[in-house]
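Same chain, two partners: chain A is paired with chain B first, then with chain C.
And then the complex of A and B:
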């Protein structure tokens, strides 16, 4: 009566669709990560001078992104903006939500990175006649990048996994696609088991690539 | 010539420099001694414009350092600065540490900057460390790297801010020797230092700072052998 018969055939039949959805996941996660790095960096810089409207805007962003569930942030871009009359496509909801969340977390990473570098490094650079732009781009930021690199890798892994929330706003990324087939065939366990493996492999590949890139980027 | 006139500097309520008058001639080596907190290092920061001043003036070769129109980045090329914390750039090799500023600030080509770097690294005795990263260098080597880096800008003046204070005792000598060589070559230097032997042997004049003023200034023989001020006597008695 409690026996469950595994049926893997439907899963394997739809494997090409799942892999395509995995690419969608990677694509939206990569885009959110890229935008998140840029925005996170801007947020971190905006918070350096601890006063003014920009500071408060950036701080509010970081606070909300870090201290509320990521799902709620996605819902804000979906149902929240929808209620106000701005209707985003599921793709844009996921992209905006993930970007918002990631930028908030990365802003704190960058802030920590800048704080980890002795202020005397800036002084030394300026004393050589470098202007602020040169001092930041040639001396400080390369050192910050080294410090935040692995936390950034972790964040990217997190974004890939977090994109599964897309299912809840109707986006057919890997989890959404899995859910679609699972409810069509009722082979729920089988589908999600296979999808879990796909996620696992994606993350492993990211980690290996990240390590490889680090060995190319950082010489010290 | 570096000319400091009636210089006052405050950190908020703290009156750090209380009217400094000082002249350093071309080719001269001035050592600045005095207790911690007497304003010695602050003076250096005011000379190269890292710190702003509240009163008085600082002129470097007739350039008013604290005038609004002064291009500080350009001025600083004339003023090499060496810090207590040697501040080597950890992400760059010794060669790149030295070659970067000549290339992006002085506008030399990559090859020219490299030649300058080779010359200056050999100058400070790091001729075998071109491709080494700072974390593989000792404190003394990193401080000599910092000196080479400053020299690569072809400065007219060198400012040393307690260049040996953060070093292990056995590494102090090699840095002082490098500074000695510079002095012999005729470099104009202001050395804030706690090394009394160096101040006595190498400087043309020694200034004793006490609570933000120049308490006494003169040739090392006079300052060390026949100090006039009670404060100077007390300080020298303590450091001996």
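And then the complex of A and C:
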């Protein structure tokens, strides 16, 4: 049927390397996600009071992250900062780009989460004698987490998929590693097919795990 | 006397024209894939809604692949797969096919949500008024459903517009590829990258603001 001979042997030979690169992908994605959650939370809080320098800084960040391609953001951290004299390693470019992007998207999610909670909750907590820190960590954030949990899961999936852009800035995560082997052996289709399967499995595992975690976290 | 040829030359007005042309290509491939992809996505969404059993088994997993594998991997995979089955597609055509399928997979979920958002009693009412199934779809479900999903559809469309940057991997000279060509020649990465980023931002920001405004107005 096909005039093309599939050669899967080189792919299976380098499968251990690919799986290791998949771990690299997960690692950089998890780091970017963690940093993104922290920064996104800070951005969301700093956008609550709608004046001042901090508000404008946070808003600019969020709008830039949401309205330009992730690839452009990676190139900015790569070539753009390079032109200014800051030379980041490919790893740092990917990490910085993904974090910048994720923080922007999550900030909007968090803002929606905070807006969904009646302001009386905060006031009730405060009048019970809690200080702002206690009111946030014990009353508001647990409720916000419930609302933003599934969007956050989706965002993590996006981060894993987005980390494939690392290939274009020379970082050898799963896609970069695949590209490396594919150009060494010219078995481009075979390599990328296997990589697609690995990504698919990774995403499915993440979704199942997050459902399991949700059933543990939100028992009450 | 022989003329000396310099390899690097500065950024000129002609390059701006080159970027503009590339921007048009970005627009063209995004518009085409959003239009065709939304149409297909609407049909897939309807299939998903109407046939919960076999549609969920047959259609959903296929669409799921497009959502769980990085777009860059899909692009490379399809570009190298097409010649195997005897299709001779250039970078634009392969990019268009993949972007269209990607869009339709995203829109399918949105469209199904749209059909579900039309109240059951409303549909029963329209059927009791003597409308046929298709009249009900055309005159009741479609207008109400599209209104409900419009903001998320705009989100998907803008996402595809930004993701079309990845077609540069195949060598299609859209905005990002053009910027890389220019950066290689002029060695002025920061300026060019900012111009490219500004283009995406100018296109995406007003649309997303407008759709957010519409969403607020409709939800009142």
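Just so it is clear, the second predicted complex is superposed on the first by the 217 of 220 C-alpha atoms of A that agree within 3 Å, B and C clash if a C-alpha of one lies under 4 Å from a C-alpha of the other, contacts with A are read in each partner's own complex, and residues count from 1 in each chain.
Here, a residue touches a chain if its C-beta (ideal position, glycine included) is under 8 Å from a C-beta of that chain, and two chains touch if they have at least 3 such contacts.
Everything numeric in this text was worked out from a predicted model, so none of it was measured.
A.B. asks: Hey, is it chain B or chain C that touches more of chain A?
C.D. replies: Chain A has more residues touched by C than by the other partner.
A.B. asks: If we overlay the two complexes on their shared chain A, which of chain B and chain C does A:142 touch? Say first, second, both or neither.
C.D. replies: A:142 sits against chain B, while chain C stays out of touch.
A.B. asks: Which holds for A:129: it touches chain B only (first), chain C only (second), both, or neither?
C.D. replies: First partner only.
A.B. asks: After superposition on the shared chain, which partner residues are touched by A:116: those of chain B (first), chain C (second), both, or neither?
C.D. replies: neither
A.B. asks: By the touch definition at the top of the document, which applies to A:80: first (chain B), second (chain C), both, or neither?
C.D. replies: So A:80 only meets chain C here.
A.B. asks: Is A:219 touching anything from chain B or chain C once the two structures are fitted on A? First, second, both or neither.
C.D. replies: first
A.B. asks: Residue overlap on chain A between the chain B contact set and the chain C contact set?
C.D. replies: none
A.B. asks: Which of the residues in chain C end up touching chain A in this complex?
C.D. replies: 65, 68-74, 76-77, 80-81, 83-86, 158, 162-163, 165-166, 168-169, 176, 179, 183, 188-190, 193-194, 196-197, 200-201, 204-205, 208
A.B. asks: Please name which positions on chain A make contact with chain B in the complex.
C.D. replies: 118, 120-121, 123-131, 134, 138-139, 142-143, 146, 218-220
A.B. asks: With touch defined as at the start, can you tell me which chain A residues reach chain C in the complex?
C.D. replies: 2-4, 63-64, 66-72, 75-76, 79-80, 82-84, 157, 161-162, 164-165, 167-168, 175, 178-179, 188-189, 192-193, 195-196, 199-200, 203-204
A.B. asks: Would you mind writing out the residues of chain B in touch with chain A in their complex?
C.D. replies: By the definition above, chain B touches chain A via 48, 50, 73-74, 76-77, 79, 81, 83, 85, 87, 89-91, 93, 100-101, 104-106, 133, 135, 146, 149-150, 153.
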